[in-house]
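Each chain carries a letter (A, B and C) given by its place in the written order, and its residues are counted from 1.
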Amino acid sequence: MTDITETHVTSPAPSRSTKRIRWSQVFDHTILCTGAFFMLFPVLLVLMTTSFEDADIVRNGLQFGFEGQMLENFDAAMFEAAGFSKAITGTRMLMNSLILGFGFAIGKIVISMMAAYAIVYFRLRFATFAFWIIFTTLLLPLEVRILPSYEAIQSLGLANTYSGLIIPLIASATGTFFFRQFFRSIPEELVEAARIDGAGPIKFFIDILVPLSRTMIAAIFIIMFVYGWNQYLWPTLITTDEGMFTLVRGIKQIVQVLSQTGAMIPEYGKALALSLIAMIPPVLIVIFFQSWFVKGLTESDK
Amino acid sequence: MAQVTLDRVRKTYPNGFEAVQPCSVKIPDGELVVLVGPSGCGKSTLLRMIAGLEDITDGALSIGTDVVNDKDPADRNIAMVFQNYALYPHMSVAKNMGYGLKNRGASKAEIDAKVQEAARILNLGDYLDRRPSQLSGGQRQRVAMGRAIVRDPELFLFDEPLSNLDAKLRNQMRIEIRALQQRLGVTSVYVTHDQVEAMTMADRIIVLNAGRVEQIGTPTEIYEYPASTFVAGFMGAPPMNLLTAQIFEGALKLNEDTVLPITAPAGMGHKVLVGLRPEDVRLGGDGSVLFNVEIVEELGANRLLHGKLGGQDFSLSVGKDEAARTGVQPITLPVARVHFFDPDRGTRI
Amino acid sequence: MKRAGFTTVWLPIALLLPQLMIIAIFFYWPAAWAVQSSFYLQDPFGFGSTFVGVENYTDLMTNTEYGKVARFTLIYTALVTFFSLSIALLLAVKADKVIKGAKSYRTLLMWVYAIAPPVAGFLGLMFFDQRNGPMTEMFQTLGWDFRLGADYNSTATAMVIVAVWKQIPVNFIFFLSGLQSIPKSVREAALIDNRSASGRFWDVTFPLLAPTAFFLLIINITYALFDTFGIIDTLVRSEPGNNPVTLVYKVFVDGFRGNDLGGSSAQSVILMVLVLLLTVFQFRLIERRIHYT
């Protein structure tokens, strides 16, 4: 359907037919622009609102236009101590989010690549069994086993630690499944050639498999980073110490603070700025590494 | 350099499928042996057992004087060229060729020298820094060859190395590989399903059928004395005509009207398979044998005439200068070049 | 397993160990624990528990509150799945068609993927604010006394809208890549055989997209059931009260707030079975897809 004119070369009135096509194109673009607008506008409006005074926002809600408060609001969001214990700033939350995002993505990739390598490239009697054990974890999202997982972390003394935050999230098979699929798509002859070339399992992994998987690693890294960064329920449960809050966990805090009916004017500008900070890093990563990300996402299900 | 000996080597896959029945072959030092047979007959399985990529279920395999059944592929001092070349996509041509040496702890200077030498032999000098994806099919094939020769192995193994090339390149590489092998004098096992490749390249051919060795012999032996109807039909293009004849008072009858002017072999029952190569049969004759030509196939250098002889499918090949037409015409059978096969077992008589 | 895999024994075990250990501790043990405690009644003050058999389950079945939540979850899931799939399909078809700006449209329509559900929920909170949210004002001009957090239907509507907004990008990405993987020759054949564009879409394009659509159906159901937790928690400001919530949210509330361990565990187990069924269903689809291609 790329070029309808070609099939209509014999049509008696070419001018009419090009005109008709133009209308359908206008229609297509209108729909796409509308879609893009609805995706973009809410965030844009929030961004504009951060340039207003808190009092304005409290009185009038979200604002269209630009005032001079944006810098102050973002500054407060980043550096002003917040929370009930005043133990947390935006910078600290940003750091925690980065630790969660990177820690989760790296941990997941390392662990699942190792497991997938063992399952695909070794003559292991229980490889299939191991695969099923791991694969079954796809069945149960963290949300349905949240209570006992919480108990487990408590009894291991890992509450309010980064390990406690990250490790349980790694306990699912998505990455392993993904790498398994990818490894299986690599021609068999490659490992055979490598074996004849005298490469043992570790050499083959480092010299050949890892370099070959670079794009896949990048793709899955992006997906996992975003996934880790955006975690909410688990951090909410496991971090009670405000110093451990991530930006996304901080949203809960913000909502609670804003909901309190106190004497002070709620700091809407700062809260909105924080919510923007919480979305900027993953959004930028997804936009800049779009092609990898899309590839990783759409190929992981096959 | 080494001779390779297979002593009743057998392969049963874990799922119970017997891919190679007990097979005993001695490959003399420096020879190129071609394993040929239809797809799925077990050629790759046999080759991969020699390489050490597949466990040997039973029997003994020796390279040189040692039994190597339990040796790792890397320790067998072999090199292998794969059908899809199996080049490492992320390494340059030079790295691809040198990887095996590097893993064996060769010095950088030594690797460089050997890679340069191989590149010179294979005309790859200008491509050493390229990735496989930046090469043409023929060049990739050469790199795969280069990877094999840099290591000076005792044994080359080829698994349909030319199948992914177009016809012209295939002919060219066929000659090059053969020339290279003869120059280096390395014992080689070459797998192909293409009988032309087998005939042109081999010192010795092993014909496999359904996991069984049908015949071992030089190309001439295979062509002149096929051991079975399978070999007769598989080797040679166009394939040998196989006619079912009744033996009636010492004469060979195809049907009521057609009697072949050939003496029946002694000691047979009342039925025999008569094998006649299309290129051995001549047009013209005394009219005792009549061939009904239905189709004339023009091949340039010669023509193939297809039709019926005594009601059975028959083909013959004539030179480009001979007149060829459809219709019934007399032919002459080569009395000295008739092959007889047992109609039940398919074996040569 | 590769046919010529390595034969080393200790290495693969060492490679598998970290994953297996994490799974054992944070997956199998919790799952077993949930199943077990779903048969017990926890003392509210934490002094031991008594075995009650399937009582926790029968309680749930007769509990009108639970029935109400289940019904809402069903409607909510259906609405979110339907709207996010159909809007995304429309956008993907158009984005696949336009020549100019195709890349920019893709970027503009997919970036919301990266926004965390609770952050989306927070935006929703502002847009549907009771006093001065723009969406609230719009509904009120349309004559609907929209009150987020106070009125059941208002909250439900806000939840669906935010959840759909957040999910459109994923569906869009998958549909677009599905469309782009339809061979050009097939489209050209269709172009020759069928004059009408909508006819071509329904006869050729849509059937070829069906595997993607089925896959997305499961993904979206899972999303609506589980991943929208953050949206819901934010929109109800962590105080559900009389507001609609989903089954997963109720597991959380009963378990952590209500201290009803047995009941919450029984709910978890029911959800597990639900996911299990979904996955089995999905597997059969994947199997079918492999058969076709």
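As a working rule, a contact is a pair of C-beta atoms (placed from the backbone, for glycine too) under 8 Å apart; a residue touches a chain by one contact, two chains touch by 3 or more.
Keep in mind the model is a prediction, meaning the values are calculated, not measured.
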Contact graph of the chains (line, ring, star, complete, other): complete
If chain centres are mean C-alpha positions, then the most distant from chain C is chain B
One chain pair leads in contact pairs, namely A-C
Averaging C-alpha coordinates per chain, one finds the centres of chain A and chain B separated by a number of Å equal to 56
Distance between the CA centroids of chain A and chain C (whole Å) is 15
Within chain C, the set of residues that touch 2 or more other chains is 3-4
Residue numbers in chain A touching two or more further chains are 192, 195
Chain B residues touching 2+ other chains are 48, 53
Counting only contacts in the complex, chain B reaches chain C at residues 48, 53-54
Within the complex, chain B is touched by chain C residues 3-4
Chain C partner, complex, touching residues on chain A are 1-2, 4, 7, 24-25, 28-29, 31-32, 35-36, 38-40, 42-43, 45-46, 49, 59-62, 111-112, 114-115, 117-124, 127-128, 130, 133-134, 137-141, 143-149, 151-152, 156, 167-168, 170-172, 176, 188, 191-192, 195, 200-202, 204, 226, 229-233, 237, 248, 251-252, 254-256, 259, 271-272, 275, 278-279, 282-283, 285-287, 290, 294, 297-298, 301
The chain B residues in contact with chain A across the complex are 48, 51-53, 72-74, 78-80, 82-90, 99-100, 103-104, 147
Note: in the complex, chain C contacts chain A through residues 1-9, 11-13, 15-16, 18-20, 22-23, 25-27, 29-31, 33-34, 37, 87, 90-91, 94-95, 97-99, 101, 105-119, 121-123, 125-127, 129, 131-134, 165, 168-170, 173-174, 177-178, 187, 191-192, 197, 200, 215, 222, 226, 229-230, 233-234, 237-238, 248, 251-252, 255-256, 261, 264-265, 268, 271-272, 275-276, 279
